[in-house]
Structures are given as structure tokens and as C-alpha cells.
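Both of the next two complexes hold subunit A, though its partner changes from subunit B to subunit C.
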Partner chain A sequence: MSPSLQNQSIISARNYAEGVPISPRWRAAQFVLMGLIALVAVWFAIAGYRSPAGDSGKFDNFSPFDLVGFGVLAWAVWLVTPTTWTVAITTFHEAIRRRWMGALLGFAVVMLGVSTFFTWMQPGEEQKFLRDYGIGFTVIITLIAAIFLGVAMTVPDIERRTIFTILSKPINRREYLFGKYLGLMMTLALNLLVMSAIFLLAYAYFVISKEGFAAAWRADGLGVSYNGLGFDLSNLAKALWLHFFNLAIMAAVAMALSQFLTGITAIIIAFVVYFLGQSASYWERLAGGSGESGPVLAPAIRGVVDAVYFVLPRLDRFDVRERIVNDLPVGINYMMKAGSMGLVYAAVLLVVAYFAFSDREF
Partner chain B sequence: MPQTQEQVQLQTASATSSDVASSASAPGAGEIIIQTRDLNKIYRPSFSRLTKTALHGLTIDVKRGEIFGLVGPNGSGKTTTLKLLLGLIKPTGGSVEIFGRGPRDVAVKSRIGFLPDGPYFPDHLNAYEVLDFYGQLFGMSKDVRRARAEEVLDLVQLNKADRARVVRTYSKGMMQRVNLAQALMNDPELLFMDEPTTGLDPIGARQMKDVTLRVRDAGKTVLLCSHLLADVQAICDRVAILSEGELVKFGTVPELVGPSQNFEVFAEGFSDESLSKASAQGLPFVRENGHVKFEAQSSEGLQTVLRFINDANARTLDVKGYSETLEDVFVRSVKSDGRG
Partner chain C sequence: MELNKWAVLGGAGALLVCYNLAQPGIMALRNNDEKRPNTNKREAYGPSLDWLDRLAKASENKDDNRVKLDFSVMSSLMVAGLASGFKSQVANLLWMKSDEYWHQGLFTRQVPLMEAVVTLDPQFIDAWSTAGWHWAYNIYADIPMNPDYKKKGDAVIVAAQQDAIDTGLDYLKRGYNMNPDKYRLWFEWGWTRAEKAGFYDEETLQHYRTARSKSDAREIEVTGPDGKPRKEQGLDILGRTIGHLLERIPEFDKALDQYADDLMKATPAQRAALDKAGAAWGRYGTNYPVIVEVWEANKNDPQIAAQIRRLVPEIDDIVAGHAMRNKIAAQPGKDQPVGAYVSITARYMPAWKIMKQGRYEQAKEVLVGVMNANTKYHLQGLDALAKIYEIRGDAPQAIKTQIEDAKKIERESTQDLGLHFLARLYEMAAADAKKKGNLKLEDAYKHLAYETWYRSRTRDALDFYALRNTRVYEAKYGFKTPENVVKQIKESRKGGVPNAAPALPPNVEGYYR
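Then we have the complex of A and B:
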């Protein structure tokens, strides 16, 4: 037997009163990151203020409230302790090693890789088909991953009693939950990155194979790519980047629901929330929030419609497929406004999940 | 909530047993590190008016350097007590203090280890990686984590060849060794163990017992929940017996078992009429392999049985004396509590 039990040196140097310490280097790194976020926020504010109003009404105009998302991001960086980071990395490793995740990603990569073979389905508008197909496929696959993984973040730990071994260590429940969310977002980011890269490569290959390398980049209004390949790729990248905020919200929805409901119920409700959120503009019209005079509704129904409209995430804001397919630009203000809204919404959902989790008994 | 007479008596018993209890000579031995006062837990399922009292008025002190046993039948409140002590559930009433702080305090959790009953670990990790994850939660540096993982895996005697295999391929016994290793990763001052010998073969169970004693000998404190009363009797300094959420017995093992002797008397040659008389006189007996076995819980009882055999003109074959075990105390306590 080892004499290790007599040896107190491993932990005796630590100050028990403070729990696991956060080193000055860690704090310095956090300050650097927060500083970078502040710089980007300033850049966005200046660029957004100078840019002209877009073509989608008030949602394309700059507003100082759009900077709230940067505040949420900075706050999130501050909350990442070494313990949170440990949970996040372990969650990430665990998630990417799940067999069904690998199968899903493999399937998506293959389907996106061979997407150019399906363009015969829409002759004459092949590039439009490719954009629609690529973004749509990526959205569906990553959405399934976000909801299933989001529900599977805390539930298996509780069912398999792993949570006992974790929460009996010097970690508080906020660190655990936030670490799980962070790990989940890292997994979704990797998935989205891989799928986006394959899709954009397939798209570029298709355009170049049709027009030749030099002509593909020209914004001459001719050929397959109307505004040039550079414009198309940047527009597609913006659409995929916006979808990441969609995923951030849906992952938080799934995690929050799993605190109150059983796994399968949480999954079903999360999908319902997604489809309702996608049709938010319809609810907006019903509630009269779009400025148009909505239909005349009975007071009780009006109350329900208003409540649904108020609570629903505006997920349709992250879906710019219509613009992409029709060669319309996605403006910087639109990106900032949608991103900011996504971060605030995800943060609110996480706070709800935390309050439920902090009182939960195991 | 006011304490009952029984609780006050139990506390007195705990005070008198303190000197016997702490066999360790560690600094601070005898200092109270776990204190519960009138601890209650009532479960109320959602959308239901029905309530279930899982624990009622538990008042115990656990002292540094002892192995404290918590025993009781299923549903007696052992696991609820453990969860309350670890802050995994909140009490409905009363208080819990560990090292003078609340159980959810991160500083407290730095000083404790917990071996739960049958947990799973992230199944894509091997034993080193599992321990590395838990080591990181304690803020240990990479070098310390690596060294400590090797040390505790040696301590729990997990084969070196198995350590690099992912834990989903482990047997139940190997998993339990990893479970103990994670509980010891931070060299805890206070170790909670819930059914530590679950899934272990006799050799593994023996090793687990040895490790528990070594932990105590190193000046640590152990709180052990177990169904295996022989093990509890063999290694625990003090024991609390719970039944239906209440503390029914509490003290050192010698205090609980007591100096009394039990006897078994084997005899033959009884008529049916004389055995009817035995039943009428309240003498407990059973028929066994053609003879009759009487039980007596004291010398006076033994004399009564021998007199009865003589009066019935029967023949005494053998008289065996044996000491009471914790199991006897346990069964008697639970039965006398009206729950057996």
C-alpha cells in the first residue's frame, strides 16, 4: 500500500476558504478577451452607425441596444472559471465521441459533399438550389444535434449518478451548468464549422467548374454567380454564422426544458419551440406587432397570442435563406442586431435553467 | 423542533462513547466535524398532497478520526442523510454543519471525498483520464494530478494493464475501485462511503475494508453507509441505526452490543404436551433435525430453560453461548421500533 494517505502536501498549500483558486494569469486572459470583445463592439458600433439603412425595415438600422449582446458575451467570459473550463472540455470530448454524433456528422458531410450532383433537380437555377439545399441541410442536422445534445447534457449525469461524484467536488452548480453549455456550444461550433467548410467548398467547386476560376470571381451579373463567388461565399458564411446564434438559443432551450421535463418531452417541446419560433413573423402579425393592423381577435385569444409572441424567440431573424437565394446582401447591422438578440435570449434561458438546477434535488 | 427524550439520551450516549471511539492519534482527534441538529427531510411529490418523511429529527455528531457507521433497512433514511450531508438535497428542517460550514460550501467540498453507490463515469475516458478530470476540479496542477492518480490507483489496487482501458469495458469491481480512487483523489479529511463493497468479490471487499481502516489510521474520518453489518461491526468505531427515518440506536459498537450473553440450548425427548407448556410459558424454541432448540438472552433465562427441560423429563444435549452481534442489535432495534 502506498503511504500517500499520510501525505497532506497535495492539498495543504491551498486556501480552503476560497475553494479552487483562480490564478492571476487566468484573470489576465479573461481581461484580454473582454478587451477584445469591447474593441469589436466599438468597431461594430462605428461601422453599423455609418452603414446605410438596409432593405428590411427597422431591423437593418443601427441601435445602441444592439451592443447588449457584447455585454452578455463579456459577462460569459468573466464567468468561465478553470472549473467551468474543465467541465466544458470534458463535455466537448464526450459529445464528439458519441457514436450517433459521428454518424450524423458523417452523413451530413457526405450529403453536402455530393450536393452538386442534385442540381439537376432545379435546371437553370442550380446555384440557387445549392445555396438553399446547403444551408437547409446544415440547419436541420445541427438543429437535431443541438436539441438532442442539449437535453442530454445534465439528464444522463443525473440518471447515471455521475452528478454525485461531480457536485461533491469543489464546484458550484453554476459552474457545472455553464461548463456543460459551453462544452455543448464548442461541439456545435465544430459541427457547424466542418459542415460549412464542406458546403462552401462544394459550392465554390460547382461555380468554378461552370465558369472557370477567373470568371467565377467577377461580379458581372453574368454566368452562374451573379455577384461573383466572393460575394456568394461571404453571404453564405454570414448565413451560417447567424445560424450559430439560432443553435445557441435552441441548445439553451433544450437545456432549460430538461430541468423541468423528462428527456423525450423536452426534445418534443424544443422542436415545437423551434417551429413556432421560425413562424414568429406570423405571430407578430397576429399580435399586431408588425405595425400592420392585425386580425380582430377575442380578448382571451388576443391575450394568448400576445403571450406567445412575447415569449417566443424570433428564430426567423436567423434565417436569411430568402436573401441569400435572391442574391441580396446581409448587412452588418442585421448581423449585429440578430446576434445580440440571440445572445440575450440564450443568456435569459440559461439563467432560468440555472435557477431550476440550483434548487434541484438528486 | 424540541428534542425528544430518546434523542437526548442518544446524545448522552454519544458523549460517553467519544473516548472509546477515536482510536486515531491524529491531531484534533475527537473534534466534531459533522454536526446535525434535529435534521428533517420530507418529500412532497409534484402535484400531490401526500408527503413522505424520509428523515425525522436526526441529531448526531461525528468526530475527527473515527469510522462512523450508518446502518438501517431499505428506506430508513441512510441515503437521505448522506445526501443532506453532501448538500445534494436541502433539509426541510434542522441544520447540518461540516467543518463548521454548510455542506454546499465549496471550501468544505475541497476537504471531503465521496464514494457513491454504483455511479458511472464518462465512459469514453480511461481510469487516468477520469481521475485527471476530478483532479482538475480540485485545481491540482498537471504534474500533481498525474502523480496522485498513479498513487490512488496503486492504493485501490487496479491492475496497471487495465488503467489505460476506457472505463466502459470495466467490470463492476474495477469500476468500484475507480470510484474509490476518485473519492481519495484529493486526500480528503472526511470520506463518505455509500455501500463501498457493492459489486466486489470477497477479496475486493476485504481490500476495501483494509483501505477504509488505513484511511482512518491516517487520521481521516470516515462515514460509512452499509448493509453489511458484520463489516460495520468489524471496522466502525461508532454506529447509528436508523429505522423509518428515525435514529433508534447510537453509540460505540461495544455499547450497542453490550456485555450480555445469548444462549442456545439443544434438547430432546419432549412430549407434545410439554412443548405446548413451553409456548404457554413464553419460552422461544424451534424444532431442528429431530431435537428442540431453545434461545435465552440472559443467565436467568438460561436457568429457566434448563429448569423447564428438567421438569419435562427431557434430555439436554448441548448448551452454546454466543455474544450478540450488531445484526442482532439491529434486528431487535428495528423490530422493537414496530417496523420489523
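Then we have the complex of A and C:
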């Protein structure tokens, strides 16, 4: 748009680019956090990349690219200014006050709370059913929340013109956008935490009711819980924690799409991205044709598949049900690798969102 | 500002490149096919994608009857399940649909659904198990009823049935590969291979052994005193199954070792005592404990004790052997192994030992004698047993009935293993004749083996081991159905229990061609 055609009263990208000054105390706290992240990264590079005790460790690997995620996290910490934090807290309060959010969470809590009653659907494999149901239900509800809230982060402010008021304050667009994202992630974390707690309690209740309290915790290779309830709960908690990175990506997808598209279109596309992302391994397999059948697709089609695969979020990396159903521990090494890449991809999307938002005229 | 913005975008591109470059490391852990040490569990974090290869090949092998996941099976629900990450939940829904078809008798409609279920949820053991059973049993039984197959004739039916069994086994094999730490599919693969495909061999045994080594192999659910169900270690059914299979091959030496050494943990002295109990059974029949009973009641009476000792000179051995049998049987889970050990020792070991010496003709005579309760070879002490009954005070008619029952029990109970043993004996004799270069004799023994397997399959329609063996002979040597044998066994059914044992030891020369 030509500058001459711009309405000078409209807030532009140039307003308040500087933001409010940051206190040395705040910066010191940021440095401490970044230092901790650096320490974890160093530990991961030296020892943390190794598989859990008991694994053969044959495919343990460390790549410098694994550290990029730690860098992104440190960068994110650096970007959290007091203003960003204020926006995040405000967004969090707004989000949890939404009625539909409360209803969704309430519904999820009830359904997870009574999940043990549905185990009749898979007689003989009730425990497996409960794990699948609990994780599946938590995933779908938090996913809906991530997409619907993600799309509704900046758009309502623009439609209701409150963006003018916000950006007229000493706040730059980066702080606004990142604060919104941070607030959204806090909301999703709360959702995930509540649902996980209910699910894990229901699971513990189921195992204890089958085996008795003392026997449930024993890793005796018997009963419903072969490795003990502690092991099961820890593994399930790890799986749910990995899902948080899934949400981080989907929330960023929704926010990025909402910068370009209308609400409903952004929601639909976000779900499509989710489906594609969940199928990432299949895309990779089809592209590579590395299985027993050899190359599957023609070279030209493989080129397209390769290109799609390159930009696709690999959401299936956060699915570790294979380890859970086989009663194998989900390794911290894997969680860090997958989580690191989750942060990198979310960062890419946020940068794209910022790219669109930074110059946007309202 | 503009430059910064584009620089940030460039940074995003660099991050995306880093993201892609880090993926091989993650995929190495997800696809890790390494087995976790001391287990059969894959260390992988991600699911197996083998089905994609089958999907890709589905349209290529049209002639292959094996079920494959193909595009016609990829219903919208299944695609949604695969793409959304809610595979297990979709699998549950499809499973319920499959169950609905089962209750409607729509077997073939279940087929793609079951394939979809196991693809979506490879840890759904019930689904693998049911799919294997459905093919190997239900579809197998349904094929001869199908008008299309009826038109095509017996050869096509047999081939289709064999394919149904193979498909069932394929499901079970894929299932245990996906769930290697659960005993059930290892066992079911072995069981289906033995009892439906008719393979009584080392491979089947190895699967039973693998199943037995799993921690859940003996788990049973019981209701505790608080009314709640809980799991406990139950009987060693798989250990018994291994013994049972060895009996039916037959490999009697190994079967006895399995029962005595593995299941009973018997010492050599205990085995020797059980051998004596077996010898007593072989001489006096299944009711030999009555001798011990009468002895215990009268051993303080010198006159009667002397009379018993005259009738049964080995009375001390029998008493000791029977005491040992009772002592072992009283221990949890050992009653069946001890019973099997003693009965095998009584009925088959005499002929088995002779066969091992290479005296096949003599072994054949003893075995056929046992199967016909011929007192020249078996139950030689029945007269003495009758006198023992007399000492006990039994009426003459009751004594007669008991003696006849003893013979009847032996005749009926030795048919199954006896026919397998006889056929095996002929096969060993054929191998021996071949080694000696006597091709005529070899052919005659093979014919006898074939006929004996045929007796067994006619007697018991569920004897798939015999069925398979006869088919092997027919395919290899062109042997034709022994109609006279079939007729004789059918006739014998009119008397109630079929009698498939040859009345007399067949004359080998009568089978020369």
C-alpha cells in the first residue's frame, strides 16, 4: 500500500517499536534462566543423549542440531520482557474466563474421571484401553483448545479495534504477539495439567482396584501393571508432557494462519496441518520408499512429497505409545530431542506470524 | 527495518533447515528395531510402518490370496484414525463393527475390518488372535459350504482351506512379532500350526517354549477373598502342552523327560519308582491300585499276604511305585504329568524300546497287541488281578465285568497315540529298509504308514496331523484312499466308540507292489 493512501490515524508498525525499559533485575533473572538452559544443553550433549538404562543404546545419537531447540528456548526467555509477561498474563486470564473453554475442560474432566467405566469395551485389555482412551481424549480436547484459542488470539483484538488501544501503549508488536502466544501456552498447560491429573488418578484408581494398593506399586511382572504403578504413571506423564510440544506447534500454526486467513478457514487449515503432521512418518516412508517394496512413487511425485515433508510439522514424533504399550520407559533423551525440535518448529511459525503481523495495517 | 524483517524470515528458514537436519537422529530412535537386551521388545519409539509396504504392494499381487491392506479397506474412518493419531480409538470402533458382522454370520465382511483393526492397533492382542482363529477355523470350515467352491471341486477346496490356515497363521505370526512379550500369540501360533495345520515338529515346540518363557504364561484371574478379581500364577499348561505334543508326534523318550524332569522335577529314584507303577499298569491294567489296596488291607495276615505275593511276585515294587505316584500327584500341578508318565510307560514304552533296537516287526506286534488288549503282549496279569478281586470279596460277575472293562479301557485309550506310534514305526522301518537298499520293503512300509495315518484321520476328524501326513503321502507317492479301512472304521462307529486299530499286525509282504 502506498504511504500516501495510508490513513495517518491508523497505528502502523513503526509506533512504539522500542517498548518499555527493562529493569536490571529482570534481565538478571533472564540470564539465570538462560544459564540453566545452557547447563541442561551441555549435560544433554555430554551424557543426556543416552537411552534409559536397560536399552541397548545402539541408536543413541547426538547432533549439534539438537541444541538449536535449547537456543530457541533461551531466545524465548530473552524475549520475555515485563510487557510480554503482562500481555501473557492478561491473555491467560481472558482465555480461562471463556465459557466454552470452561465447558470443554469440564466435559473432559468428567469423561476422564469416569473413564474406568468404559473399559468393558475391550475386555481382557482394559488397561490398554484406559491408556489409549486417556491419552487420546486428552490429546483431542487440548488440540481443539489450542486451535480455537490460537485462531482467536489476535483476530478479536483487530475486529473489536482494541488493538489500537493496545498498540498505542508502550508495547511493540513482537511483545504483543509473543505475549499472546505465551498466554495461550499457559492456558494450554493448565488444561493439560488438569486433564493429566484426572487421567492419571483414574488410571491409578483402576490399577489399585484390580491389584490392591501394595501390589499395584510392585514391579513383579504380574497383574495389570507389570512394572508397577509408579513406572506406568511416570511413562504416561512423559507421554502427556511430550504432547505439550504438539500443542506448542499447533498453537503457533493457528496463530500464524490467523494472520493470513479468516477464522474458520484458519481453523480448517490448522486441522488439515494436524492430520498431515500426524502422518509425517507415512509421508517420509512414501517419499523414501525404504521398505521391502522399494521405491513406491514416481520421481516427480516423490519430489512433491519431499517438498511437503520438508515443511511439514512432524507431529507424530510426540507420540510414544509404542513404548508405553510395550512397558518400556520413555527416555529423557528422546523427550529432549523431540521437544527441542518442537520448539524449533514453533519458533519458525511464530517468526512467520510476526513477519505477517509486523507490517500489518489495521 | 525492512532488512531486519527479511533477516528474521531468513532466520526462520535456517531454523527450518536445522529442524529437518535433526530429524534423522529422532527417526533413528523411533525406528530402532534393536531388541531391548534380554527381552523381545523393540526399542523403537514409533510404530512399525510395514503395512505401508503392503499397502503399496496390494495392487501388485492380485493372485496372492493373502489379505492385504488395500485402498478398498481404507475407509474414511480408518484414514481419519491413521491421520489423527487416534488409531486405537478407531480400531475399537471397527472392532465392534466386526463383532456385529460375526453375529450376523457375515464372515467375509469381517476380513478387511480385522485387517484394519490390527493395522491401526497392533497391540490389540484380541484382534490378532481373533483374526487368526477366524481364518484358520471359521473361514476354513466355511469354504466347503460355499457353492462357488463346491463347483470347483475337492482339490480347489483343499487348496483354499490350506490358504485359510496359512492366512490365520500369518496373522498370529505378525501378532506375536508386534507383541513379543505376551505369551498368548506365540502359543496360539503354535497351537494353530499343530492342531489345524498339522505340524507336530520342532518349530511348533519352539513356539510353545517361547510362549512358556513369557511372564504372563501362567497368569490366571481369580476372585480374591475381598470379591475383587486378581491375577495369580496358575498351572503350567504350556509345559503340559509340550509334553502332549511330544506324545503325539510321538517322541516318547522326550515326552517322559518333559513330564518327569521338567514338570515333576523327579529324581532318578522317583522315576524308577514311577516306571514300576507303569509296569504294574501294563500288566494289570488301569485298576492296578486295587492290588495295593488289598495288600494294605491284608498284609498282616500271613496266609493272605503269602497268597498275594504268589499271585503278584513284584508286589513290593508295585506298592513302592504306587506310593510314589500318589506322593507326586498330591503336589500342586503334578497330577496330570504323573498320570501321563505312568500311562505312557505302561502302554507304549515296551514297543518303543523294541523299536529303538531296530526290531520293527516285533515292535509292531507288541503295539498292535496293546491296542487290541491282547494279553499275550499287554495286561498279562489279568488272571492274577481276578484272584485279587476274589480276595477282596468281589462277586464273580463283578470280577468278570471289571476284567472286561480293563481290556476295553486299554483298547479305547490306546487308539489315538497308538495309531500315531504305529505309523511312525512304519516310517522308521521304511527308512531302515531304504538304508538297506530294499526298495520293495520300503514301499510296503510307506504304504502301511499311509494307511495307518488314514486310520487315524478317519477315526478322528480333528486329527490334522494325520490328515496332513496322508496328504503328503498322496502328493508324493500317489497313494489312494484305502476304502476298505475307511469302511471298517465307519462300521465300527455303529458300536459307539470307533475302533481304528488293525485287528492283527498287518503282513508287510501283503503290501508289496
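Everything below uses one rule, namely that the second predicted complex is superposed on the first by the 311 of 362 C-alpha atoms of A that agree within 3 Å, B and C clash if a C-alpha of one lies under 4 Å from a C-alpha of the other, contacts with A are read in each partner's own complex, and residues count from 1 in each chain.
Following the convention adopted for this analysis, a contact is a pair of C-beta atoms (placed from the backbone, for glycine too) under 8 Å apart; a residue touches a chain by one contact, two chains touch by 3 or more.
Please read these numbers as outputs of a predicted model, since none were measured by experiment.
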Comparing subunit C with subunit B, which touches more residues belonging to subunit A?
C
Classify the contacts of A:354 with the two partner chains as first (subunit B alone), second (subunit C alone), both, or neither.
second
Tell me the contact category for A:282 with respect to subunit B and subunit C: first, second, both or neither.
second
Can A:129 be said to touch subunit B (first), subunit C (second), both, or neither?
second
With both complexes superposed on chain A, which partner does A:196 reach: first (subunit B), second (subunit C), both or neither?
neither
Under the stated touch criterion, which partner chain does A:322 make contact with: subunit B (first), subunit C (second), both, or neither?
second
Considering only the touch criterion stated at the top, classify A:171 as touching first (subunit B), second (subunit C), both, or neither.
first
Which superposed partner A:63 touches (first subunit B, second subunit C, both, neither):
second
Which superposed partner A:86 touches (first subunit B, second subunit C, both, neither):
first
Considering only the contact definition stated at the top, list the common interface residues of subunit A for subunit B and subunit C.
14, 359
Touching residues on subunit B, where the partner in the complex is subunit A
83, 86-90, 104, 106-107, 109-114, 116-122, 124-125, 133-134, 136-140, 144, 148, 151-152, 154-155, 179, 182-184, 186-187, 192, 210-211, 214-215, 218, 220
Residue set of subunit A touching subunit B in the complex reads 1-2, 4-8, 10-11, 14, 16-21, 82-83, 86, 90, 93-94, 97, 160-162, 164-172, 359, 361-362
Which subunit A residues qualify as touching subunit C in the complex?
13-14, 51, 54-56, 58-63, 65-66, 68, 72, 121-125, 128-129, 132-133, 136, 139-140, 209-212, 215, 221-224, 226, 274-276, 278-279, 281-282, 284-286, 289, 291-293, 296, 310-311, 314-317, 319-323, 325-328, 330-331, 333-334, 337-338, 340-341, 344-345, 347-348, 351-352, 354-355, 358-359
Looking at the complex, which residues from subunit C come into contact with subunit A?
1, 5, 8-9, 11-12, 15-16, 18-30, 32, 34-37, 41-47, 49-50, 52-53, 56-57, 82-86, 88-89, 92, 95-96, 121, 123-126, 181, 215-216, 219, 228-231, 233
